[in-house]
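Okay, so chain A shows up in both of these, paired with chain B first and chain C after.
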Partner chain A sequence: MFSFCSDPSVLSGLPWFVCYLTSATHLDFYRAFGVVMLLLVVTAPAALAIGMGGAMAIRARFAPLSLLGKAYVNIARGVPDIVFFLFVPIALGQGIEYVLHHINCPDWDQPIRQGNDFLVCREAKMPPIGAPAWVRDAYAFGMAVLAFALVFGAFVANTLHGAMQAVPHAQIETAEAYGMTRAQAFRRIVLPQMWVYALPGLSNIWQILIKATPLLFLLGIQDVVYWARELGGQKTTLYSYPHPDWRMWYFLALLGFYLFLTWLSERGFGWLTLRLSHGQATAEGERMRRAAA
Partner chain B sequence: MRTCAESFDAYFLRALGREFGERLLPRGTDITFCDQVALIGSGLIWNIYFAALAVVIGFVLATGVALARHASSPWLSRPAGVFIFAFRGSPLFIQFFFFYSAFVLLPRSGVDIPLGFVTLTVQTSALTTAQVGGLIVLILNTTAYSAELFFGALRSVPKGDLEAADAYGMTGFTRFRRVVWPNMLRLAWPSYTNEAIFLTHSTTLVFLSAFPAQQQSGEAFYYARYFVDQTFNPFVAYPLVAAFFVALTLAIVGLFGLINLRLNRHLPRVARTRLRFRPQYIR
Partner chain C sequence: MKTLNLGGAALALAFAATGALAQDVVRLASEGAYPPYNFINDATGELDGYERALGDALCERAGLTCEWVINDWDTIIPNLVAGNYDAIMAGMSITEARMEVISFTQNYLLPEASAYVALAGADVSVRDSGVIAAQSNTIQAGHVAASGADLLEFPTPDETIAALRNQEADAVLADKAFLVPYVTDSNGELEFLGDDVLLGGGIGMGIRQSDDALRATFDAAIAEMKADGSLNALISEWFGDEAALYE
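Let's look at the complex of A and B:
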């Protein structure tokens, strides 16, 4: 990266470290932190959307839909998450290939499961054979996001359903007395007010989501854990930057990164709670009203 | 093909090591359904080992840490707060990696600690095994989570009970043992049950990352992953391991429910706090 880094073997002390920490592989390592943030940024709204759908399904008047919502929430919450993270990408991948296989190759006569092989025709492979590397990376990442969103969507659905119940019922009755339909009352009364009740639960789920991100490593994605193991391992003099086993320091840095993220989100949610409590029929809202008066 | 009885005979203790049953795990097309049930079931031995020891030792340590956190002296409460934040704020998965890579750096021959008149040699070779090193990480982690629960409970011990203890002239350890501690346990117990469940589920992470499974003896989820790698069929082994964990969870709920009954035995039936099964799985 810097011009004085062209021959690392003559460097020592601080310049050595500067060059070491800006080597090409380290830049990949820093980019992996971006992947973690990207996962958080993509998964959070996806989980929120799935959770919203789940909560609405539980509330639905149509019994099978309500039952489906309850089943989804309880299954996803009752099974260890790690099982889900490994199960969903494989199961979904095989499911997609199975469907594509039946669409693209209807005259294929052999069974798909032969012994321990899962055989589909060439056209049904996902990602397609000969796809560029970034497509395969994006596919793996998309599967990971889906697995995360499905598990966390169930947590969110549970929280949001509780929050919807917590909105004072008299207000909904008042809205209906004014002639609003059920949907209108939901949109105008429940939806704007439920967030303050949902916030403690959502903040918990967010903290859990942050701490679940290193599990990306298990899905074969080159994330921070992968790079910390690669870079920290002992390097002999064959490498440009030989060093002993430094994995401990790399993982210490990761611990620091996650602690910082936790601390930051605690602050963020504290601020958000104050914002949302404004004018609400809760103890905190009442305290703010009194302080202003 | 093996019969079901042969499978159980060969694998139901295999998780303890090579000497207990068949040396090699079943491979490829040779895998039967009974093999999967027997091996995954035998892996539960380690899940129970990790969970039980971590809960028992962590309970004692957490009481101490919670008391330190609750102490008025900042010399006690600050370090306890930092400990709790460090272990609750970072992923257990990374904690396993960090401690493993720290433990391998220790000299194999042991560490000499000079104590003036005598030199204490601490054996360190065991620390790199999951059974010792992994257990230590789990203990530290559950200590932090439980200490936070106990700390919250300590702050909500009823004022009247403390005043009553003072009126009786109870001080120090007697007051703690007879008034503070039982109240703390009673208040924290429902969440502590969830913590125990939560800990049991995170024992699946032990062999997943840093700590090696020697002689292919691992816990239940380790074998489930092995079978999925071998058969490329996630629809048998993963649901199986999930079912085993549901059974384990129900056993924990039952056991902790009994303790909860005992903790609340002096209260009228309506006032008893009921256990609610509301676990959070990821830490």
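Let's look at the complex of A and C:
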């Protein structure tokens, strides 16, 4: 990065550290923090959307839909995360290729499974053959987001369903007595009020999501944990920057990073709770009403 | 659109039949954590090492465009079989057990010595009765499991050395070429324990069993490099003058 870093073997002390911490692999390490944040930023709304769909499916009066919602929530919550993360990208990836294969290559005469190998025709390859590296990265990242969103969506669905039930039933009856339809009552009465009941549960899920991001490593994405282990391990004199086993310091830095994220989200959720409690029939809402009066 | 795709499929079949893969990008997978075989160069951030140099040379000879992928060691074979890349060059020894799942080219490194490393002053008897650390899913791990010693497995090779330093393990069994820099860098803290052991059938390129065309292509390129001495030159460059060379 800096011109004086061209020959690290003659450096020592501070310049060595400056060069070391700005080496190409370290820049990849710093970028990996961005990847983790991006995952959180993309996955959270996706999980919320899936969870919303799941919660509404569970509440649906159409029995098969309600059953489907319940099945999804229970399966995704019950299966260990790690199994789900290994299963979804592989099964989905091969499923997409299988479907594309049948659409694009109907006259392919060889079996798709040959012994251990999974073989589809060239047109069915996803990402396409010859795709640039960033497309492959984006595809792998998309799969990861989907796996995360499916797992966490199930927890969100359960939380949101509980929150919808927590809105005082008398209010819904009153709304219907005023002539609102079920959908109107849901949109005008339940939806605006449920968030304050959902927040504690959602903040839990958000924290667990933050803690689960190192699972990215399982999906072949080089995340912060991969780099901490790779960079922290002992480097022999074969490397430009030889050093003993420093994994402890790297993992300490990760600890700091994750604690910082936790602190930041605690503040965010505190602010949200305060805002959403305004005018609510909850203890917090009542306290705010009295303070203002 | 559909007819276009059909034409493409026919074309692909024709290419597969003649073994002409030149227009394709061949994806090579490596672990990037096993110096000097393959490692991530900390100054450039790129994959580096003997296998990087050899792989690039082979692709050039065969007229292929190659692209490198870093993959975790434990899932490197499943991802090959699933078609996420086309070949493995990751210091992988040719063994019977692996031959059941994938196929190999001829070896590009002779069967080489594996060695035990221990803290200075350790007794040789720990080789048979102590706790031996090795990377999981390696021939060395298999060797320890078959011996009387207790096996302690780690997902990356570097962690085995750390376990030895913490005295979680009495010794480490790994490829000698990987261990030499650790021993020389340690200023006498680590030393080789007893004689070397010879394991496996050399190191080769792992390829899907159904991919005969690609295997033949790389086989020919390796044979060519063996014949003109350029493979030996690469081995000496990366493993020193004492490394075993092809006749």
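Methods note: the second predicted complex is superposed on the first by the 292 of 293 C-alpha atoms of A that agree within 3 Å, B and C clash if a C-alpha of one lies under 4 Å from a C-alpha of the other, contacts with A are read in each partner's own complex, and residues count from 1 in each chain.
In this section, contacts are C-beta pairs under 8 Å (C-beta built on N, C-alpha and C of every residue); 3 or more make two chains touch, one makes a residue touch a chain.
Since the model is a prediction, treat every value here as computed from it, not as a measurement.
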Partner chain in contact with A:A183 - chain B first, chain C second, else both or neither: neither
Which of chain B and chain C A:D117 touches, first, second, both or neither: both
Touched partner set for A:R247, first chain B, second chain C, both or neither: both
Touching partner for A:I90 - first (chain B), second (chain C), both, neither: both
Contacts of A:A170 with chain B and chain C, given as first, second, both or neither: neither
Touching partner for A:V10 - first (chain B), second (chain C), both, neither: neither
Chain B versus chain C as contact partner of A:A292, first or second or both or neither: neither
Which of chain B and chain C A:D107 touches, first, second, both or neither: second
Touching partner for A:A63 - first (chain B), second (chain C), both, neither: neither
Common interface residues of chain A - those touching chain B in one complex and chain C in the other: 90, 94, 115-118, 217, 229, 245, 247
Complex contacts: residues of chain C adjacent to chain A: 5-6, 8-9, 12, 24-25, 32-33, 35-36, 39-46, 67, 70-72, 75, 79, 81-83, 101-102, 156, 158-159, 161-162, 165, 181-182, 184-185, 208-211
Chain A partner contacts - residues on chain B that touch it in the complex: 28-29, 31, 85-86, 88-95, 97-98, 101-102, 104-105, 201, 204-205, 208-209, 221, 224-225, 228, 230-235, 238, 241-242, 245-246, 249, 279-283
Chain A to chain C touching residues, read off their complex: 8, 23-28, 90, 93-94, 97, 104-105, 107-108, 114-123, 125, 129-130, 133, 217, 220, 222, 229-231, 233-242, 245, 247
Footprint of chain B on chain A - complex, ascending: 77-83, 86-87, 90-91, 94, 113, 115-118, 155, 204, 208, 210-215, 217-218, 225, 228-229, 232, 245, 247-248, 251-252, 254-255, 258-259, 262-263
